[in-house]
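Remarks on the structure that follows.
Chain IDs A, B, C and D follow the sequence of writing; residue 1 opens each chain.
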Amino acid sequence: MSSVGVSSLGASEGSRDKIVINVGGVKHETHTSTLMTLPGSRLAQLVDTEKPPSELFFDRHPEVFSHVLQFYRSGKLHYPTNLCGVLLEEEFDFWGISGTDVEPCCWAAFRQNKDAVEALAQIDPSVMENDQSSHTRAWQPKIWALFDNPLSSVGATVTAVVSLFFILLSITAFSLQTYPAINPHQMYVVSADNSSENPVENLSALPRVLDAVELVCSLWFVFEFVTRAVSCPSKLSFFMTVMNIVDLLALLPWFFRWCSGSYCIQALGFLHVMRCIRVLHVFKLMQHVFSVRVLKHTLRASATALCTVPLMLFSCTLIFGTMFYYTEFEQLGSSVLDIPSGCWWAVITLTTVGYGDIYPVTVQGKCVAILCAMVGVLLIILPVPIIINNFIKFNSLLKTKHSMPRRKEKSRIPTSTSTA
Amino acid sequence: MSSVGVSSLGASEGSRDKIVINVGGVKHETHTSTLMTLPGSRLAQLVDTEKPPSELFFDRHPEVFSHVLQFYRSGKLHYPTNLCGVLLEEEFDFWGISGTDVEPCCWAAFRQNKDAVEALAQIDPSVMENDQSSHTRAWQPKIWALFDNPLSSVGATVTAVVSLFFILLSITAFSLQTYPAINPHQMYVVSADNSSENPVENLSALPRVLDAVELVCSLWFVFEFVTRAVSCPSKLSFFMTVMNIVDLLALLPWFFRWCSGSYCIQALGFLHVMRCIRVLHVFKLMQHVFSVRVLKHTLRASATALCTVPLMLFSCTLIFGTMFYYTEFEQLGSSVLDIPSGCWWAVITLTTVGYGDIYPVTVQGKCVAILCAMVGVLLIILPVPIIINNFIKFNSLLKTKHSMPRRKEKSRIPTSTSTA
Amino acid sequence: MSSVGVSSLGASEGSRDKIVINVGGVKHETHTSTLMTLPGSRLAQLVDTEKPPSELFFDRHPEVFSHVLQFYRSGKLHYPTNLCGVLLEEEFDFWGISGTDVEPCCWAAFRQNKDAVEALAQIDPSVMENDQSSHTRAWQPKIWALFDNPLSSVGATVTAVVSLFFILLSITAFSLQTYPAINPHQMYVVSADNSSENPVENLSALPRVLDAVELVCSLWFVFEFVTRAVSCPSKLSFFMTVMNIVDLLALLPWFFRWCSGSYCIQALGFLHVMRCIRVLHVFKLMQHVFSVRVLKHTLRASATALCTVPLMLFSCTLIFGTMFYYTEFEQLGSSVLDIPSGCWWAVITLTTVGYGDIYPVTVQGKCVAILCAMVGVLLIILPVPIIINNFIKFNSLLKTKHSMPRRKEKSRIPTSTSTA
Amino acid sequence: MSSVGVSSLGASEGSRDKIVINVGGVKHETHTSTLMTLPGSRLAQLVDTEKPPSELFFDRHPEVFSHVLQFYRSGKLHYPTNLCGVLLEEEFDFWGISGTDVEPCCWAAFRQNKDAVEALAQIDPSVMENDQSSHTRAWQPKIWALFDNPLSSVGATVTAVVSLFFILLSITAFSLQTYPAINPHQMYVVSADNSSENPVENLSALPRVLDAVELVCSLWFVFEFVTRAVSCPSKLSFFMTVMNIVDLLALLPWFFRWCSGSYCIQALGFLHVMRCIRVLHVFKLMQHVFSVRVLKHTLRASATALCTVPLMLFSCTLIFGTMFYYTEFEQLGSSVLDIPSGCWWAVITLTTVGYGDIYPVTVQGKCVAILCAMVGVLLIILPVPIIINNFIKFNSLLKTKHSMPRRKEKSRIPTSTSTA
């Protein structure tokens, strides 16, 4: 076969204008003309002379260069998935190629590692570990850790359990006081019917016991709050934390105890709800469970997207509530008489709770109800993929963050990129 | 060891009929006979002469060629997962090998990147960014963006919030008018009972206030609709959009106000439902949240598959409704007397709403109900994997689309595939 | 530095007992002693002579060999994830190494492709495409496709829609006949109360219309069934298919029409349920949707595992039903009087339907109910991961199966593994 | 172009201070100065002499070394994803590099295989296969397998089915005895109303039949328990297993039969619940299904994280229950009179059961209910990602564990890492 025939098939036997590029020991061969296709790049500058060199040596990554050379050959930059995108970008920079030239087919894989590193950096380190280096006095960190981080020591765990016990005790005591049989004075339930005529004899001592319990609980809560407020590393951030404001408000019901009247009862109700919110402190004891920490990050990251569900629910409630009103309002036997009631029905059907206090009786109303229940079932599963997607992402990120070593001595290694 | 013994073990020491194929600097060696196994290919043509060359040079990707050569050796084309499928197909084309020869075990990986590129191209770019280049007059684009894209400027966000406020105000005003106590004229509820004898005095002014509120709202809606219709880039596509038709219909209730009669009330109901659908404009404010955009694509792509759920629900409703009728109809105390009522019970049980207006009393009826509730629970989770699968797919695609650079200067680089 | 010092650090400058193994052009170097560590293998046999050769050539895959050589060096066989496991196994066979020697860390990746190929082969091809090559007469395949595969032609789609219309029509007609107002003869509802004294005049014609409709429907069903039975490719498999038996049974109600009595009504009920099951034919029209086909495979593969949910539900029902009975039975006001009623309550609570016909009134009963509702919520999500896992698997497999080319001309390529 | 110009672009034509490192036949070239950047490493020691060698040979993995050399060049250690992390760590150890120097971008991939191996090792092998090697007598293993492992033989499956039949029979018999019509002696329901005056004649024989059935069942259970206790491999672990304690307690009701009184009935209730728990033995028959085994591992691993759901439910119950009480208690018509009742309503709404025994009537109460139902819907999907994540993990691990060969002859291969 003649050399012409060989050449027509893309092959060559001679060595016309060939150049050997030795990168880290691996010898790549190509035509000089190939290197001229990317005018501004490092290699094009090197061969753009009258007498280009026949061999060049670079002390760089040989495998990455084979992909760089392929970019010269085909004009398309593909990304090898076995190499890290960060490494490739560094090498591309050396060869004078932009990472943005990567083809769309390889773009996702090219970004993958870089995105992961950026996401890792964004994870709030304060969530991972409790910073205890900004205290001014020696005893402060220990007291603060004792009350704030239940996993820091055995004493802290005991303190947390004791605190939780008092929270539950105070809620229980207050709840029991709302029983008419127990509390004949009806301090809280002023407008209730007069069933206090026949108080059971053995229950007459209970109100005083409950009062004593609540006094003890309140003393503990005041002690705990003052101790934490005094030992906290930053007063400002302490009083800006939601849970601490809740704790403060939950201390107040004691002072509203002896006042009465409708206004006072509503304030008491609000403060007592604060007391119940305080029970969320129980999750402090769960923070060492890895999945729970992942779930916390997931919910924080999904918060904005999860708002679509209440918005969707609100829109569907208005639409189905109005439809329900117009299909049912002529039915006098029906208890639906206005659009707000129709919306109440719609939301209870959409969330598949279905109390049964209002339900359609006409055929058109039943059709609206069927549609409403089906949309409700779909609405429930809508946030599932968002949560799962973020959970998988943060599970991987937090696992990496936990297992990754802290490299403090890393800086001693000097970078030695070009030492020709 | 003799050369024969070596040869019997697949090895050779000599250089009989060996050929060196230098691809981009990497020297591959094989037997000439190996290259003859694929008669039509480029290499087979090159060596199919009396005196085949002992060395050939190709300015191609060396790593891909090692897999091409393995195809000659074993007759099986495997796909290396660290290289992009698109790159491989280009190289395979050069060597005269079809991508369809890839083995089944490697087919999925081979297609992966190509499928991703095709899916990327199918994502409607108009969903990603608002096209604003087809306006004829200078003021049009600004006005249009002000009313249609709440995220284009601060003014646009304010306009969207104001518009949303008027929508909610008009819905609230109308809903309150359906209270019998508020609206003694009973304009809308003609057939309601005559409870308007004792209108509360301080409420008598409210109907006139509500009328005024609705007038203001209607003026705003007319102004907004006219402005948007005038400034829209294409009149045809404007009046073909579902939400714009809804907006137009929602303007009409004002004109049906003073007519009465059953027919008119039903028309009014339909138009008022339109007014409620208008509340979906709220999602315009959520379009910047990435997960919400992914969810939108997910739902659009899953729409056809999600139709199985209503179809399944419909079939199960008929089956369980009929079964329920035949197990319960002899029970006179039961309120189920016909198959449609049985179907109504079935759908309320299948969606786990369970109003409790109808429930089985016989043992067989309870067995049907248990079966029905269990099938319902399974039906609810049926669409979950479809939505999750599409969410993961579009999450990845949209992330790629967003981070990918727009390459406009790409065309300046000439392709230089074969320059031997 | 002396050669001894170099040697102590694992390096060598000389060429004592070194051997060069040229595999497909790539020259690997190692010590002869290294090759002796795996006595039975191909390379150990080649060098186990007095005077081992200093260079060997093999026309094999060079990259795989580098991993084989590493096995000689370290005694551990790791799997490179960029190469296909099937290719590796072929090469390992040549070098006399067993694939089972792969380390545990790489085993999952090694099996991956092989498992995928096996799973692909297990997918029933008859699900993918309708086999139409076993008909004896020329007109049979066309008729069969017309009635059995709605997507084969426009005519077949029309036939399917017409058939579905008749199914719905017959169900509607029958359902209306169960209305007491419409059907004063009370043929089906023998034991119902005598409310047929005042039949509405304009409804008196309806029963005869419904009878006529049902006659037309029955004629169509008989015609369709006979046509399909005659044109089916295999009589045996036709009458063994569940849906065809259902179709046959659904033809019978017509003959039970004029008989009465309790036994007859129950038979009629069973047959009418068959008629409703026939509505599942609607899914034939959905089979072209890819996700639906994946869902079908998913449910078939998950069937056994999904049985845990009813079993779990059954066990929990018994446990909670009994607990409920023992906590509530002394409460006379409660309607719960026996364990079966308790179980009925438990299952309705576990599935979160909650009719409200039975609910606990004692404190202990409420605690059981809370526990029951929580277990129910967990039971509902139990099958979700099973379904999702199988959906992801079959989604990938079916996508591969669909896009994979049918290679019929593959056999022309002879295998040329060892041509030394 | 002068050599200076070339050098300024990072290239070199000469061979000043270059060193060739031949690793397993692949020749890597670099500058001696590059190797000095990591002072303590093996290569730095080798070249840290007056006259460094110009070529070194190492019988190691060539591909891994190219990444090691890149660490010398750039000071950053990236991880190639096509090689196993365990292999890399071994090679890194040889070259004197710590695996902890891997960059954050590659850390996740580097740990992946190692984590998988560690997780594989943690899977309890006793869950995978029944250990039967610790029996003292010959007949013990067979008897034990017959009663404990239903899948070990056909006889064992029959035994398990028979046992399950007796369990269900005994539960059925006992449940029927709670019917007042069947059991006129009212032994269990002492405080029930006297409706036993008119016992149906044909039911009078049933109590005696039920007694006989229960006697037979009890005899079987005693026989089965004694046989299993005698044949068990370890008495201690047998009596520490939860299900065996349940079995033992379930034998006792027979002895409480003839005693009466409130205390005794409660004990009987507890023991009868044990009898129902015994029905969980049915899952022994499901253990061969792969997905069920994966689900078992998933639930065990997710147990701690799943505790968040009841905790969250408990907290939300307290918060919403208190809010409900304060919004509704003034409404006398409402049946809500104390906070515990409010909490009962809250939990039934949060789990979307919605009995309808208590529902809000005031506008504020309805707003609390809507919030409560929405939080409930979100609470239900909270554990889904945890379960899915663990399911996917264990599905992969168990699949690997099952398909992986047992390598017992592995130890015969000596490790031959450094044989220079």
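Heads up, the rule we're going with is that contacts are C-beta pairs under 8 Å (C-beta built on N, C-alpha and C of every residue); 3 or more make two chains touch, one makes a residue touch a chain.
These numbers were taken from a predicted model, which means no experiment stands behind them.
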Interface residue overlap between copies chain B and chain C, same or different (over half shared): different
Chain located farthest away, centre of chain B as origin (C-alpha): D
Rotational angle, Cα trace of chain A fitted to chain D, multiple of 5°: 90
Chain centre separation in whole Å, for chain B relative to chain A (CA means): 24
Centre-to-centre distance between chain C and chain A (centres being mean Cα positions), rounded to whole Å: 34
Of all residues in chain B, the ones touching two or more other chains: 26, 81-83, 340, 352-356, 380-381, 384, 388
Chain C residues within the chain D interface of the complex: 1, 6-7, 9-13, 15, 18, 20-21, 26-31, 33-34, 37-38, 66, 69-70, 72-76, 78-83, 100-101, 103-108, 111, 115, 302, 304-305, 307-308, 311, 314-315, 318-319, 321-323, 325-327, 329-330, 332, 337-340, 343, 349, 352-356, 359, 363, 366, 369-370, 373-374, 376-378, 380-382, 384-386, 388-389
Chain B contact footprint on chain D (complex, rising order): 81-82, 352, 354-356
Chain C-touching residues of chain D, taken from the complex the two chains share: 22, 24-26, 42, 45-46, 49, 51-53, 55-63, 81-87, 90, 94, 113-114, 116-117, 120, 171, 174-175, 178-180, 189, 191-193, 265-266, 268-270, 272-273, 275-277, 279-280, 282-283, 286, 289-292, 295, 298, 306, 309-310, 313, 340, 344, 347-348, 351-357, 379-381, 383-384, 387-388, 391-392, 395-396, 399-400, 403-405, 407, 410, 413-420
